[in-house]
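See structure below.
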Amino acid sequence: MSRIGIAGWNQSSFQERMEDVNRNELIFTTVYELLEKTGVDIEDIDSIVSASCDTVDGISISSAYADDAMGAFMKEESKVEEDGAYALMYAYHRLLMGQWRNCLIVAHGKSSDAGPAFYANMMCDPFLLRPLGLETISSAALQAAAYYHRYGVSEEDAARVVVKNRAAGKRNPHTQVRSEVSLEEVLRSPYLASPIKQLEVPPVSDGAVAVLLATEDYARQVTDSPVWVDGVGFCQDVYYPGHKELSHSVSCQKAARDAYRQVGIGDPLKELDLAEVSEGFSFQELLLYENLGFCDQGKGARLIQDGTTDFEGAFPVNPSGGTLCANATMVAGLARIIECCRQLTRSAGENQVQKDLNRALAHASSGLFLQSNLVTILSI
Amino acid sequence: MARKVAVVGIGMTENKSHWDMSIPALYRMGASRALEDSGLNVDDLDAVVFGHSPEYFEGINHPEKWCGEAVGAYNKPLFRIHTGGSVGASAAIGAYYMVASGKYDVVLAISGNKLNETSSAQIGLSTVYDPIMGRQFAAGAPSAVALQANRYYSTHGYSDEHGLMVAVKNRLNALNNPYAQLKLPGYTLEMARNTPMLCYPLRMADMCPTSDAVCCMIFAAEDRVESITDNPGWVLNAVSTNEGVDYVDRDWGKPIGLRLAADKAYERAGIKDPRQELDVVEVYDAFSAQELIWYEGLKLCDWGEGGSLMESGATEMTGDIPVNPSGGVLSANSIGAAAMFRLAEAALQVMGKADQRQVEGARLSLGHGWGGAIQFHTLMLFSKDKP
Amino acid sequence: MVEMIKKVKRTWYVPYHWCYGKAQTFFFQKMKEEKKIYGARCSKCGKVVVPVAIFCTRCFAPTDDWVQVEDEGVIHSFTIVNLPYPGQPATPPYAYALIKLNGSDNLFMHMIGGVEHEKIEIHMKVKAVWSEERNGDFYDIQYFEPVSK
Amino acid sequence: MSRVLDWDITVSYQWTAGAVYGHFLGGLKEEKIFGVRCESCSTVYCPPGDVCPQCFTDMAEQTWLELEQEGEVVSFTKVMENFFGERPSDEYLAGRIKPTDYSDHPLIWPPGVPYAMALIRMKGADTAFLHLVRDEEDLKKLRIGAKVRPVWKQERSGYLLDIDQFQIIG
C-alpha cells in the first residue's frame, strides 16, 4: 500500500464578507491557483472529492454547478457533505485502493450568505430542539457550563485561549482576524450566551481551500516536500444533548485513539510536535486537549497556564490562530490541515514555529456539541 | 491493490408515504433489515456511509447527525455523501471504496429521503436552481428532462412512443417487486398514451412518482465474506463521474459523462462486450425516455440505437439483456434511495435473491444512478463469482 | 394511552444575501441597460460561454475577453410545459427552449413565444423580444420568437 | 460594487412525528411528561429518541412511564443576543409558501431574548430534557442544581412549546 501525501495546497483569503465574488468565482480562483502553484494540469487530475453544504450555499445539490468551477468536467468525482477534512479522509481511503495517482479536494463556504445561526438551528430536529432556538453559540454555552461546573475550570482559563490564538493570528498573514486582545478585554466582553462572551466566539468567514492529495510517487513528481497522511480517525456520537455527558467528547476520544493506533502513538504530547484543532470557542480548546489525550480529563487548563501550548511552548496548539481567527463553515477543518502543512514544510514565514517539527495533528469537528470529530496525523 | 469486496446484506423499505414513521425511524428500518439479511449486528459495523439528498427536501440540515444512531452508528465512524439524485449509489460506492482501501472490514451504506415531509416536493426541488441564474426562472426537473428527451427523439428519428414502451415494460416488471410503489396490473400502451402530456414530449406515464424510502447495503472485505454469507454479491468495481452542467458544446441527447463512467468500469472489470457479457442491468429511469439514452451511454447498443433496442424486446424480462426487472425509478422514486435501489437490485440478481423478478442464471450485473443537472453518473458492477 | 401526534406542520425560513460577482453584475446590467447579451471568451479554446463567467466550463481555463453575442440563435431543444409548479416563469402552457445563440458555444435557456406551440421545431431560428420595463433579470427578455424566413 | 440578491428560502414542512416523538408530543398535549425505559440497558430516557443509542432498540416498543413533573437543572445558558435577525412578517411568509396554507404552517422562530435554555433531569429519568426558563426572576435565580417544574400553556397542540417554560421551585 503506497504512502499518501499532500503534494500542494491553496487557500483563498478568509474574509468576513466577500461581496464582489460569487461562489463559483471563489472556487475557480482557489483551484486554478493551486494548479498554477503545483504545475499540475487539470488533465492530470484523476479524481475530485469536494465538500460543501446546501444550507450554507442556499442551493440544493450545491456541487452541481460548483463542479464546473472546480474543473470537475468529465472527472471521477464525489462530494462529502461535511467539513473539507472529511473529504480529505475519504480521498485518502480512495487513493489507498491504488486506482488513482491523485485526488483534488475542494472545500468552500461563504458563511456570510446566510450566517451560522440558521445553519446550526436547521441541524436541530423539529420536535425537541428547533423550537428552542438552539444554534452554534447557545449549544457551545451549554457545553461550557457543564465543563466548567464538572472540572472547576474558570472563565479566565478559557479566556487565555483567546489571548493565545489572537496573538498567533496577528502573525499569520493567511488568517482573517489579525489583532491581539488582552485577557482583561476578553473577560470584560459581554455575554452572548452565558458563559460564552463576545470575544470568545469565532468570526463569520467566507473562504475556500483546495488540496492536492497523491500517492507517494506522484507526490514526489510535484514537490520535494510532500506532507504524509499517516493516519485518520473519525467518529460520531449521540445527537440529543441531554442523552450524553457534555463535559467531555466520547467521539473525539475514539477518533484520536483510532488515529494514534494507526500510527503507533502512545503519548501524543511527546510523540507529536504540534496540533491545529478546530476549537470553535475558547473553552473547547481546553476540552479538546483532554479528549485528544494531551492531558487527563479536567486538566486542560494547566497546559495553557504553564505555556505548553503557546507559540514558543513545548507543544504549540493553533499557532495559526485557529478558528477563533477564521472559521469558514465546511472549510475550517481542512484549513487546520494546511496550517499543519505550512508548519511542517517550514513555509509559515513570520508565523513559523521554531522547534523541530516532524509530526502534527489536525482536528476537525462537525455537528453541535462536538458530536462528530476527525483527527488527521501528518508527518514530513 | 484494492481489496476484494462483496455485498453481504441488503435492506429496503417499501416506496410509499410512510405517514407513521419519522425520518430516523425509516432509516432504522432500512438498517435493521440489512443487518437481519446479513445476520450481523451493529457491533460488527466498522463504519457507516450516510447518504441523503438535498437538505431542503425535508428541512433538516446535516440529517446524518440526527439519524446517525438510528442506523447503528453510535460512537462509530460516520460521514455523509450528497450528490443529489445519485446519492444512493455514491454512498454505496463510498462504502465499497472504504472497505477496498484495506482500513475497514465491514461498512454499512444507507441512503434515503422522505419526500412527503414537504407539502410539495416541487418547492424543495425549486431550490436546486442557482438563485441568481435560474431560481426565479426555474426550468423544473421534468422540463429539464423533457429537453433531453426531445433532443434525443428528434436527433435519431424516434418518438414519444418509444418512451411509452419503456413506461409499460417497467410498470409491468414492478408487479414482481414488493418494494415498488406503482402497481398497475394490465398496463398497456393505450393506457399510457392516454395520460396527459405534462412536459412535451413526456406524459404523466413517462414520469416517476414521489415516495418515502430508505435503502441499505452492507459491504464486507474478502476475508470476512465467507463467515457472513454463502451467496455474496462480489463488487467488480464502481465508478462515479461528473459530466458538467453548462459546458461548451453540450449535446443534451448524448450523455458523454455516462459513457466515460461505462468505459472506465468495463475496462477495470475486463468487460469487452457489455451487451453479451452482462446478464441484467438496472438503470435510473426517472423519466422513460432516459432509459433509451442510458442504453447507449452504457454501450448496450451504439449511439442512436436506444429506441431500436427497446423495439427489439431485448431489454424485456424475456430478452437477452433484461433492464429494470425491479420496475425502476418509474415505479418508485424517493430520490435519496432510488440510486441505491438500482445497485441493490443488481446485487440481488447475482446473489440469486431477486425472487419473482430474478433473471435466471444471472452472474454479471450492472447498477446505474444519475443525479444533479443530469450530470452525475454512478455505476457498480456485480458478479456471482469472486473476481 | 394518549392520542398520538401525527404531523408537526411549520414554515421554515432562511434569509440569504447571494453575491452576483462582477461578471454576473455586468451581464445583467448589459441586458437591462443596452438589451445586449454578453458572454466570455476562453483564453485556451477561444470558445464563448454565456452568461459571462470568469472561467471556461470545459477547459477549466480563465476567460480573457467579455464579448457581445447575438440575441438570435437556433433551438437546440424545446419543451411545452403544461405542469404547474412553484417558481416557473409563466402560467402553463408555455414553451421553453435551449438556444444556441449566434457567437456563443454553450446553451441559453429561455421561453419561446409568438408562435403556436405545434409549430416549434428543433433547429428553428429564433430572436429575442425584449421587455420594455427591464430590471436586470431573465425577464428582461419576454421570449424568443421565430425569425421569419 | 457587485450586486447582491437579498432573498430567502421559505418552505412549509409537515414533519412526520412517528411512534416515539408522536407519543411523547401527544403526552405534552395532555400535560404529561413521558420517560421511556430501554429494556436492554434499563436507561430511562426523557425525552426519548427513536432508538436507544447504545442498544439500537426501537424505543416505541420499550416501557413508557409517566414521570413526576419535577426536575433538576444539570446545565443552562442565558441567551442574551438575538442571533437570527428580524422575524419576517406573516403576510410575507404566507405569500412565499402559497399554495400551502400558512395558517396551518406557522413560522418556527426562536424565543425572544433574554431567555435561558436549561438541561433538566426529570425525577425518574437518567437523561436530561432541554427546555426554556423565561421568567425574569427565575433567570436571576437560575443555577445548576436548581429544582424546577413545568408551566403548561392553556392552548396545547402536541408541540414542544406546549410547556411554556420551567419555573424554579427550589
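By written order: A, B, C and D. Residues from 1 in each chain.
Quick note on the criterion: contacts are C-beta pairs under 8 Å (C-beta built on N, C-alpha and C of every residue); 3 or more make two chains touch, one makes a residue touch a chain.
Note that the structure is a prediction, hence the values are computed from the model and not measured.
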Neighbours of subunit D that also touch subunit A are B, C
Most remote chain w.r.t. Subunit C, using mean C-alpha positions, is D
If you tally contacting C-beta pairs for every chain pair, which pair wins? A-B
Distance-wise, how many Å sit between the C-alpha centres of subunit A and subunit C, to the nearest whole number? 38
Computed distance of Cα centres, subunit B from subunit A, in Å: 34
Subunit B to subunit D, mean C-alpha position gap in Å, rounds to 37
Could you give the separation in Å between the centres of subunit C and subunit D, each centre being the mean of its C-alpha atoms? 44
Numbers and ranges of subunit D residues touching at least 2 other chains: 2, 4-5, 7, 9, 11-17, 19, 21-22, 25, 49, 53, 85, 97, 105, 108-109, 159
List, in ascending order, every residue of subunit B touching at least 2 other chains. 19-20, 22, 56, 59, 69, 74, 120, 123-125, 127, 129, 131-133, 244-247
At least two partner chains per residue is the criterion; list those residues in subunit C. 6, 8, 10, 12, 14-22, 24, 57-59
Could you list, by residue number, the parts of subunit A that touch subunit B in their complex? 1, 22, 48, 53-55, 58-61, 63-65, 67-68, 72-82, 86, 89-90, 92-94, 96-99, 119-120, 122-123, 125-127, 233-239, 250-251, 254-255, 258, 262, 366-368, 371-372
If we count contacts the way the header does, which residues on subunit C are in touch with subunit A in the complex? 8, 10, 12, 14-24, 53-55, 57-60, 62
In the complex, subunit B touches subunit D at residues 18-25, 28, 32, 41-42, 56, 58-59, 69-70, 72, 74, 114, 116-120, 123-124, 127, 131-132
So in the complex, which bits of subunit D are touching subunit C? 2-17, 19, 21-23, 25-27, 29-30, 32, 85, 88, 93, 96-97, 102, 104-109, 158-159
What residues on subunit A touch subunit D, complex-wise? 19-22, 58, 115-118, 121, 126-135, 137-138, 141-146, 149, 190-196, 238-243, 246
